[in-house]
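Listed below are the structures to be examined.
After this come two complexes, each holding chain A, first together with chain B and then together with chain C.
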Partner chain A sequence: MSNAEPGHRLAVLLPYRLAPTRISVRISPLSAAILCFCAILAASTAWAESGPTMLSPLQVILKWSPLLLRGFAFNILISLLAMLLGTVAGLGLGLALLSEFRPLAAISWLITQFFRNAPWLVLLFFVMFLVPFQVIMFKTTIPLPDWIKATVGFALPVMANVAEVVRGAVRSIPSTQWEAAESLSFTRRQTMWLIMLPQCIKRMLPPWMNVYALVAMSTVLASIVGVSEMLTLTAQVHAAEGGRPELFAPLYGFALLCFFLYCYPINLWTARLERRFRVR
Partner chain B sequence: MRNLVRSIVTGAAALLMFGSAQAADGVDAIKQRGTLNVGVKADYKPFGYRDPAGTIVGIEPDLAADIAKRLGVKLELVPVAASNRIEFLQQGKIDLLIATMSDRPERRRVVQAIEPLYYSDYVNILLNKKAGIKDWADLKGKPVCATSGAWYNKDIAKSYGPEIVAFDGSEKPLFAMKQGNCIGYVYDQTFLQGKLIEDEWKADYDLPLKGVLPSPWMIAVALENTSLQKLLEDTTKDWMKTGFIVDAEKKWGITPTEYSVSMHEQYKDK
Partner chain C sequence: MATSWTPDQPIVQCVEVRKSFGALEVLKGISLSVRKGEVICIIGPSGSGKSTLIRCINALQPISSGSIQIEGIEVTDPRLDKLALRRKVGMVFQQYNLFPHKTALQNVMMAPIHVLRQDRAEVEMRARALLAKVRLAGKEDSYPGELSGGQQQRVAIARSLAMRPDIMLFDEVTAALDPETVKEVLVTIRELAEDGMTCILVTHEMNFAREVADHVYFTDRGVIVEHGPPETLFTAAKDERTQRFLSQVL
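Showing the complex of A and B:
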């Protein structure tokens, strides 16, 4: 044995490392996309042999993709706005949950539980039918189009879920930090804003992104209340193409693919952040 | 805490403001606004459907465009579904509905129908061109596909004696007919005409028989919107006089229905 590698002969015990646990089957977004594309292609080529005069499903999708993708962009817009609205409200609600003022904590607990446990679709219906299509304020008419109402409808459950995320994150920080802050004569508000919340951000990020992926996928619910988003347009495109049954799978498959390609990277990223920020 | 109070207040305000919505009413309100909001279908070819640019086109959007032209205002088409169209009209979100809506007594109680009725659907049968059926009576004893639950299935069976084979929805009976399980498909004539625009069907299939069991469609406005009602009544009569609806049917590729042709005949010389 040579003595040239002193590192191997150190007498100290090297730190024990856990072998990183990985989910055994992991598809990269790219290969998933290729897979889905192949499936659609296969479906359309199988079809192409039977009827030469009509557009093949792939051609139909290509022809309508600008409209469908515009619809998809609308879904994303709704999800982003709902997330923004829900996060701002949810942060407030989450802090209220942690309040030392008992009645406030109780009320916000009630609100959180209510919106967390109500079906999203029911909340959506509620907002759609209770909120008018326009409001007249100081003699100016502010129109409230359907998609704005739907955004508010989605923001409500987001708010409750974000509130829980905030509460959980703040609670997960060792209580010694509160004591340390108090001994340094920070007020409760200062402790929260200057010490607790900054530490919470990275803990909140993964679950917050999880909520977002859920919202993005749920925006198709808006098709039920008549918002012209991707799923509504898909149904209308299917009708405009004469309702051919063999177009059903490719058209809805396209919608599926768009949502998958959008949400899967978010989930991958969330998983990565979760691993990195894992609280030990 | 301040955040919470603020969010609660805004939320409550949003919920409570539903009383403040005002139904748009009257021709004057439309002119003042500068747009006419019309509820149309976006999934019923060729009466209202999307083109690849996303615009809603078809027979009913054409009618709506003509009304807007007469009013000298811009047209705004709002896609509606059977489940929300009356709600939209009552809310005032749309001024009128031209959305393949059948005339029913319970609808007359909640919205104002425009007389004369602008269009009528029938019950008809899509037949293979080789079937050799010349009259409804020829269907006696023959298997005919239908959609289960359609109100006219029983009437058709009783009057003409075909053997009804019912399926869910409209795709399954069409498929069954293609497979040769039945000689034709009894359904709404407007729907079958929409099928005949498609290359898939127009080569081998046809509507050789006269439509039966007419079911008129209505244009609707909100109750007590008399000025718009009056204007639409005059417009409809004018359409019938000039043959506007018959022309629209031809333009969008369907054979003019008996109803629109006879109404045109009736009003032509008035």
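Showing the complex of A and C:
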């Protein structure tokens, strides 16, 4: 009874399959900016009706903006350092993934998969609480402040993602390039550094920038472990202003706006590069 | 590696070469020998193992059994320095396989500089001369993407020659070219042959094989069906399979 003839279409209850939902990380161009602006504006008008004794939300933001922007600069610093560290380590890990020496490739595969599939926040906690606040090396004490540990915490998933980007890009180069290099007596290492990687840079750039935009946005996670970056400072400013509820939206809206104005151009540029490199 | 090879012995000697991909045997006992300065053409229908054979000669692919010797050196020897072997053997591919991120001149210069560690200025002089020899003077700074198929293939030939190989392998080098550019590549190969370079060509260009080759091998389904000098093979083939193939392509 299971073999229905092709002509006969019996009404069968098929298992329900969820339509694949695609979650778009990118917010439509202006809507987010408008949203933040509206939040700030709405809160300002709410205040306008309440009385002149307190600073307006806009004035609060203006007053604290040097501090908040310094916090934001710290976010950017952490993200850039994490990216630098993660890229260098990821390049090494990616090359190890491509190694012909099986055990090395297997170990690096495990490392890559582990750090790619672990929640960033959990990795951050691990680094924060497992790494001591200082290390003593050659009788000199090297302090490890929270923000450095956080940077390392972010560099780990970056490393795994960059390794995957490197591996994918090198694999996407036609194997005939390897053959041509081999027939000219290039060693494997020479082929990688002189022929493969230079061709890969273009292909790697868009996904690499994508990783960066994600890191930049994720740096606010550091507030949970007490690094005084923008989100931490925003909470402190809110408290300093008496925790007025009408300040909540403008202050956090300001943080949102900062991140949006920083990350959106990166995403826009990434998309443009992707389009430019697709052909060829 | 010390060998007892002398130039009057075959420069390439294949004995009973077998090669399988899984259960599929593509080379079923190929034997041939090439003397220094000879031009050999291997012809035959698609899938007869021609390309596999010359890739095995270059150790790009390992053989399953048999022996391939180049200048007396056993290619299948696991202790063999494959890179040293490949310095003796230049190879040109059907799809040119130039390095797309390098100019024509850089493509030619790369291997001598990085593999042979020769002096850059001297290599550049030689590379320019080689590009001129393949009639590409003026195209030194063009990237492969800016060159026609025929031009790219001639850069590829110059790139192989820059390593000063003793033997050149050509794997269907005109198969991917436009008809009008085939000729310029064939002229280049003919000049090489006239200069005394040992050449092994896998080709579908029968007229070219007839004019240039010293010896022609006809392969089908992994075996050499028939071989001989072109004048006899092309006009008086003995085997029925050879006759049928030649009647189809000539």
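Simple rule for what comes next: the second predicted complex is superposed on the first by the 236 of 280 C-alpha atoms of A that agree within 3 Å, B and C clash if a C-alpha of one lies under 4 Å from a C-alpha of the other, contacts with A are read in each partner's own complex, and residues count from 1 in each chain.
As a working rule, contacts are C-beta pairs under 8 Å (C-beta built on N, C-alpha and C of every residue); 3 or more make two chains touch, one makes a residue touch a chain.
Treat the numbers as computed from the prediction; the structure is a model and nothing was measured.
Student: Quick one: on chain A, after the overlay, do chain B and chain C clash, or do they fit? Just give me the call.
Tutor: Taken together on chain A, chain C would fit alongside chain B, as the superposition shows.
Student: With the two structures laid over each other on chain A, which partner does A:Q177 touch: chain B (first), chain C (second), both, or neither?
Tutor: second
Student: Once the structures are superposed on A, label A:I195 by its partner contacts, choosing first (chain B), second (chain C), both or neither.
Tutor: Second partner only, chain C.
Student: In the superposed arrangement, which partner chain does A:S228 touch: chain B (first), chain C (second), both, or neither?
Tutor: The first partner, chain B, only.
Student: So, does A:L104 touch the first partner chain B, the second partner chain C, both, or neither?
Tutor: Touch partner of A:L104: chain B, not chain C.
Student: One more residue to check, A:N210. First (chain B), second (chain C), both or neither?
Tutor: neither
Student: I'd like to know which partner A:V152 touches here: chain B for first, chain C for second, both or neither.
Tutor: In the superposed model, A:V152 contacts chain B only, not chain C.
Student: Chain B and chain C, closest CA-CA distance after overlay, in Å?
Tutor: 20
Student: Which stretch or stretches of chain C touch chain A in the complex?
Tutor: Touch residues, chain C against chain A: 58, 60, 83-84, 86-87, 89-91, 93, 95, 97-101, 110-111, 114-115, 145, 159-160, 163.
Student: Which part of chain A faces chain C closely enough to touch in the complex?
Tutor: Per the stated touch rule, the residues are 176-177, 179-187, 190, 194-195, 198-199, 280.
Student: Give the list of chain A residues in touch with chain B in this complex.
Tutor: Going by the criterion above, the answer is residues 51, 53-54, 63-64, 66-67, 70, 88-89, 91-93, 95-96, 99, 101, 104, 108, 129-137, 152, 159, 225-226, 228, 232-233, 235-240, 242-245.
Student: If we count contacts the way the header does, which residues on chain B are in touch with chain A in the complex?
Tutor: It comes out as residues 1, 3-4, 6-7, 11, 14-15, 17-18, 20-22, 42-45, 49-54, 79-81, 83-84, 87, 91-93, 170-171, 175, 194-195, 197-201.
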